[in-house]
């Protein structure tokens, strides 16, 4: 059992795989809740926090420390959630926020463009094929740029993840089963030492956030 | 049941993963031996074929037709072994060679540089820097190979069904994950899948027969089969003698299992 | 084997490359630096040899390559180059004709009405081409070449086009045929439609062939295949045969105008024939798709050169 | 050649192919032989070979004028069939081969007309005759373009 972070392109079926995993492993399934918690800490709206993550940083915010603080808030909220034990996080940037932490299974879900276009058009029947394709490409490009500017890394690089799962021929159920199997490996078991590390990490994040908040 | 193709950087533990999967699933295992089978089919020495499949292609190699003949031969040998529907293959570019076949599961294994360097040093006694250079060289020529032959980036995760990073997971862990992943109905082998695998095998055999012919070798003819009917496509010069088409059909007919042949080729005029 | 052929190609390319360089040098510099009389015919031989190889492997008529490249990079006047180009295309077509006709791949019945229109227009084209100022023809040639490249790049072909019903005109002319298709192990019957449209298109094709001295396979094949709906095999062979008729009529106009310099014609002819002889053998070792790209790049280059030369603008070489 | 006949090929097409093959080979041979004679210098050319580079850069009108003035000294520049009168010169001798190759097609068409007449294929007889007429018109030299 483990802490599982799922990173995905939009409409790659990540939410459904995450839900399947939570059912199977009987653990909490987090995404937006972490953002809400972070927003509460910062006393801003959830949309404002999400906005900081979902747009590529402008010149101003690159210079200011505002974005850093938002990231720190989300990191703290997530780290606190981790101290509770097993969980599946399929929100933003999990693999980066929990970098260096033990017993974290970092998963990336990818799906062929065609499949994602199909999913988008199934959700919005008005949308033309071309519009759907453009939308997905735009979102991907934004995310890629953002990750590059914030972390200096390529979001697609499989070296950032323990598992990269392609849904082109694997069904959601099979993907879910495979990920659960990986999570069951001894490397991801949360024992006493791991729990202590998680708690220390959460405490450290909290402290840095407080420093940052009082710094103004 | 599935055809599991393992693609890995050298010294990343691909062989151990293959052996683990083969033992756990009781599938036959195939590695470099496929090159020997391919070499035998072409009638060339195995070492030469091995070299051609591993070397970084030269400028001439890019448009030499012989290299393609080697690839087709390896593909045919692999397809032959895959026809039963279960196999663990841990040789060169399995996923790309088996592209278009059903129930193929491609795994890419990646490992941190440090652990690969350690393996090389243990095996050869090189210094750390030498080992690092050796691994870089091997990776570069493999990735170049895939780029030239298939126009794909070997690192692109979209080429694989699963990428396993051995930074936290062990080879045994990866083995368990793969075993679980192929339990679903999408990898079950039924009559229909067997028929498609047989078609794939047949198409590869036809391609091999065409690639072995001096006149046709360079034309890069492609073949697809369905229910024993083979469709051959490509660009073919329209010779005055009009014999090229006959030759293609004659060679394809000679392959056991071919029921019918359709030429869907683009003729072009080779005269000035 | 592969290496030998590669070096052979390189050797043949060498004089062409040298020639291209010295050509501009010679025209730009004073006439005092003129090379010996045999220099340019030899360069021509080398260039056409390579063109013959490219034509054979890439399936692009030698005429299409010859005129823009030679007129762009050699000192010969466009009048002589066009005539030589026509004769090169003509000889290639004459040489392939008997085989295609005997195999019943080229259809005389299909070719004759088309040829009548195309050859009449080729005469007109040749006359207009000779009457127009050279720089205008050169610019138009460049534009035509770029157009041909566009056509080649988006060419879509149909092995066995569906012709639901032969049209009236083709029925009156009884244009239909049969040939042996090995893959089907049966005889393929074919008929055509949209005859009038196709014939109209050949007015333009014939005119351009005559005007620029290009072979017209690049236009013949798509019209025969996609408009008439003749099978690709028949289209390719009939197109070649058609060239022998269209180019004959245009060639006579150039001949009567005195545009023939044997020292250009014969080295080109021999070069291209030897080249295609080697090319057919190279087809055994090199991929056509690769050569197709070389040809497209060459044509783009030559087309750009022709336009800039016609307009008197600077160009890379 | 005739041992194997492709199905569906018409008599006139076969005849055309036969005339074409003979004409083409003869034409090519003539061209090569006459060119060999020209190169060997056995027959004095009108324009000395060494002087050629001066001429091939000119447009055709200027070239013909220059050649006429400097070497041939005729009343008119050499256009149309007048080259026949200069066959004693090596370079113009080569024109024979070129003209031969250009004459193969009309001969082929003329050759198949009788077969078509026998078949009463009047439309194609008309087309073939027109084609011969078009080619003859082109060859006649009546159509000569205006000056540049």
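When the chains are written out, they are named A, B, C and D in that same order, and each has its own residue count from 1.
Note that in this section a residue touches a chain if its C-beta (ideal position, glycine included) is under 8 Å from a C-beta of that chain, and two chains touch if they have at least 3 such contacts.
Please read all numbers here as calculations on a predicted model, not as lab measurements.
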> By number of C-beta pairs in contact, which chain pair leads?
Replying inline: C-D
> Taking each chain's centre as its mean C-alpha position, how far apart are chain A and chain C in Å?
Replying inline: 60
> Centre to centre, by mean C-alpha position, how many angstrom separate chain B and chain C?
Replying inline: 40
> What whole-number Å value describes the gap between the mean CA coordinates of chain A and chain D?
Replying inline: 79
>> As a quick test, compute the distance in whole Å between the mean CA positions of chain B and chain D.
In response: 57
>> If a residue has to touch 2 or more other chains to count, which residues of chain C qualify?
In response: 95, 98-99, 103
> For chain B, what residues touch not just one other chain but two or more?
Replying inline: none
> Considering chain A alone, which of its residues make contact with at least two other chains?
Replying inline: none
> Every pair of chains that touch: which are they?
Replying inline: A-B, B-C, C-D
> Touching chain A in the complex: which residues of chain B?
Replying inline: 104-105, 108, 110, 112, 155, 157-158, 160-165, 167-170, 173, 176-187
> So in the complex, which bits of chain A are touching chain B?
Replying inline: 105, 108, 110, 112, 156, 158-159, 161-166, 168-171, 173-175, 177-182, 184-188
>> If we count contacts the way the header does, which residues on chain C are in touch with chain D in the complex?
In response: 34-37, 40, 75-80, 87, 90-91, 94-95, 97-99, 101-104, 107-109, 112-113, 115-116, 119-120, 123, 126-128, 130-131, 133-134, 172-173, 177-180, 187, 244-245, 248-253, 255-266, 269-270
> Given the complex with chain B, which residues does chain C contribute to the contact?
Replying inline: 2-3, 6, 51-52, 55-59, 61-63, 88-89, 92-93, 95-96, 98-100, 103, 105, 157, 159, 181-185, 217, 221, 232-233, 236-237, 239-240, 272-273, 275-276, 279-280, 283-291
> Can you name the residues of chain D that touch chain C in the complex?
Replying inline: 1, 6-10, 12-14, 16-18, 20-21, 23-24, 27-28, 31-32, 35, 38, 49-53, 55-60, 63-64, 77-81, 83, 91, 94-95, 98-99, 101-102, 104-106, 112, 123-124, 127-128, 130-131, 134-135, 137-141, 143-148
